[in-house]
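Consider the two complexes below, in which chain A is the common component and chain B and chain C are the respective partners.
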Partner chain A sequence: MDDSKGGSSNAVHISSEQVQRFCEFLYRRTGMSFAESKRYFIDRRLEDRIAATGSSSFQEYFSLLRTDADQEIEHLINSFTVNETYFYREEHQLRCMTESLLDAMVSQKEPGATLRIWSIPCSTGEEPYSIALWLMENWPQVDNYNIEIVGSDIDTRALKAAAEGVYGDRALMRLSRDIIGRYFGPVTGGNRQIDEGLRNSIAFTRANLIDSEDMMQYRDFDLIFCRNVLIYFDDASRRLAAENLYDCLRPGGYICLGHSESMSRISPLFRVSRFPAAIVYQRPEADHG
Partner chain B sequence: MDNPDADSRWTAARALAGQADAVPALAVALARESMPRVREAIMTALIRIGNPASIEVLLPYLRSQDAGVRAAAIEALQALPEAIAPFMPPLLSDGDSDVRLLATELARNMEASEATHLLCGLIEHEHHPNVCAAAIDVLTEVGTPEALPSLERCAARFASTSFLPFAISVAISRISGEES
Partner chain C sequence: MADSATPAKAKVLVVDDSSLVRLYYRSVLETAGFEVKQAINGIEAMEKVLSEPFDLVIVDVNMPRMDGFTFLRSLRSATADVATLPALMISTEAGEQDLAEARMAGANFYLVKPVAEAELVRHVCVLTGVAL
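Up next, the complex of A and B:
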């Protein structure tokens, strides 16, 4: 079935049946779903991965993918997702936080109480800083509560960069000039550094989502952003990560996942909560059944 | 593990994850646990152990009358595709067609040639159309070209049924990569 196409390229031909087979596997394994109209997008990435792994056919590549040889699942997901992170990414979840989630949380708290928000994995800091910026710009009650934001990642180099808070234009592309002007200052190389007050307001720590002992130090979060990481894990690791996240949330707390992720496909521990701006997951207040 | 407080049982189950000598205690706890959250943690602890003894604890739950428990057992066993392999032949020839049907799903995460071999062995002689349909559904995703002769023979055996020949034609086209 395999032959060459595309002029001088040695790309393997992929039939529509094979694409369908691949898409069903990808959906079951990661939750990522692509319409038929994305066929060209899928073909190009599949061809790239087949070439990169030295596979001689779709069949050979698919076998390699299913056994996750050489962490091919991770490479594949990277090729299908936007790896770069930037400020205000998946803004609808930030909007959901200030329009719905926080008000629900503080209804059970006294003014001045602590609200704990966790960004894991936080990579180079764009997400926890986005949370802080969004709160200051969009939540009128921001000064009425003691808000603690923690950013954690397994990669200590990323954490060091996060603490430095220096970003290029691409990372800032979703921010208005006004916000950039008020919260960032110029540094060498045409980059900008987020202001010292914000840098000091976030605790950056190392954490491994699938290490239960490591995760024991993280407790009583009201809200967790855990986006686009569970799709990389195998079934056993996803279960463990879900249980760890459950323990890190206080009862009634919420967790936001990436747009292609669904906690109900991973674990029955959480309840789906639908808000106007986003679907999030909640640790139930109490056990049932 | 026998504390009346669910949080305590949950914490205990999580603490036993990966400890092979805890399998007997986890087995006892799983048998009497009624709280889905704690049951989930016990099953995760058994997955983290992942040895034949932990598989043997999980297998009887494939026969549970409670659909939620059966589904939880399937998910747990699917997370152990290598460890489950030696248990597959007896499961796929079990006297209970419901167990055979559920066992086909366990092949989904197994290595493709091994899953193909096991499921083809099943569909060559399986009489129950629903069990064959379940096996064919898994083969549609994971089957290798070695499955094609068995699929064709299965289609011939079930030619009079309304849905199996169609399901098999889809499986054959997916596996061969040719349009049906």
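Up next, the complex of A and C:
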């Protein structure tokens, strides 16, 4: 949109050969391919990542990328997929959920109790389905609790697509062949549709993060994934969204934000919780003041 | 020729009100070579076992409309071919009384959740007579 303006003057120079090399690398690792006509789009994002990582040249950044230091591939993918997502995105948070968060939550619950997990915004369903898949594959207690997963988004077209659960190779690039074989079936156009049982296991609803009345319907969540949306809001909306999310969590519940987002800069309501796999935010057990 | 030489897979009915739990058991058992059907409560399970043959039923205890105990009692009072269907009860309840009630209702075996993949496959193999 505002891509028509020139890049910043202190941006590092990137040659055509380097862009080509980079595109080949990106394609091999992610399946994402960009035509020469997208050169400006690529340059802008590359410049951003070079600056964000403190690299002094394309070469230095490319080395970082190839060794995947600091999960740079993930950061790079995220910068290229503003409006699309994929299964098992930011896997460290899913790992944090099954290694730390859920065990902390169920220590206060009886077996068979309900665990409510919310994915907002859920876009076309990759995130809530990833949560369900990850739980079945990685959490030994998955059958010991009544797990409810809700996926919400403001975009009803996205919700319709989520309920249909049809995905292309790019969305599935992080899933193993074994998981794809077990939970997805082929449909027309080379796409795959997620298992009917999985589709039925998630409630997809429309919700607007900054509409407090809308958000009142959503309460008592143990865990909320709200990733990569607050960055698009202005300060006032961001704060309002954070307050709404706070009310949707039960006391002691956790919220996971995107890798570049920090709740501490948005609202003082939450407590920072550092786990081995990720930093998440907790609604304190008891409200003070 | 290949069709007649391939033995039919043992067929298991998974009865649980949680779709994620059904899916988890199904995924584990299908990977282990079983054919899996599902029901969401005792009523649906009863309809299924009366309309098609199964080699085993895996049943949860707490379910809406018809719980696992009631289902097992109905199963055991059905006609002989259905009444003898082996049943594995899986529950979150670990008390002696629950185990006793499961046995009285007609469960062949009782497991307490969470059930690990290998444990599930092992018991299903034993109860269906499939070699491990």
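The criterion applied here is as follows: the second predicted complex is superposed on the first by the 205 of 289 C-alpha atoms of A that agree within 3 Å, B and C clash if a C-alpha of one lies under 4 Å from a C-alpha of the other, contacts with A are read in each partner's own complex, and residues count from 1 in each chain.
Here is the rule we use: a contact is a pair of C-beta atoms (placed from the backbone, for glycine too) under 8 Å apart; a residue touches a chain by one contact, two chains touch by 3 or more.
Because the structure is predicted, anything quoted here is derived from the model rather than measured.
Judged by the touch definition given at the top, the superposed model places A:79 against neither chain B nor chain C.
Once the two complexes are laid over each other on the shared chain, residue contacts for A:140 go to chain C alone; chain B is not touched.
In the overlay built on the shared chain, the residue A:201 is in contact with chain C alone; chain B does not reach it. Of the two partner chains, chain B is the only one that A:63 touches; chain C does not reach it.
Looking at the superposed arrangement, the partner reaching more residues of chain A, out of chain B and chain C, is B. Of the two partner chains placed around the shared chain by superposition, chain B is the only one that A:235 touches, whereas chain C remains out of contact. By the document's definition of touching, neither partner reaches A:191: not chain B, not chain C. In the superposition on chain A, A:182 makes contact with chain C only, while chain B stays out of contact range. Of all residues in chain C, only 16-27, 30-31, 38, 62, 90, 92-94, 113-116 touch chain A in the complex they form. Remark: chain A residues 110-112, 132, 135-136, 140-144, 146-147, 149, 182-183, 195, 197-198, 200-201 touch chain C in the complex.
If you check the complex, the residues on chain B that touch chain A are 6, 14, 17, 34-37, 40-41, 44, 47-48, 50, 72, 75, 78-80, 109, 111-113, 140-142, 144-145, 173-174, 176-180. Here chain A touches chain B in the complex through residues 1, 15-18, 20-21, 24-25, 28, 58-59, 62-63, 66-67, 212, 234-236, 239-240, 243, 247, 267-269, 287, 289, going by the rule given at the top.
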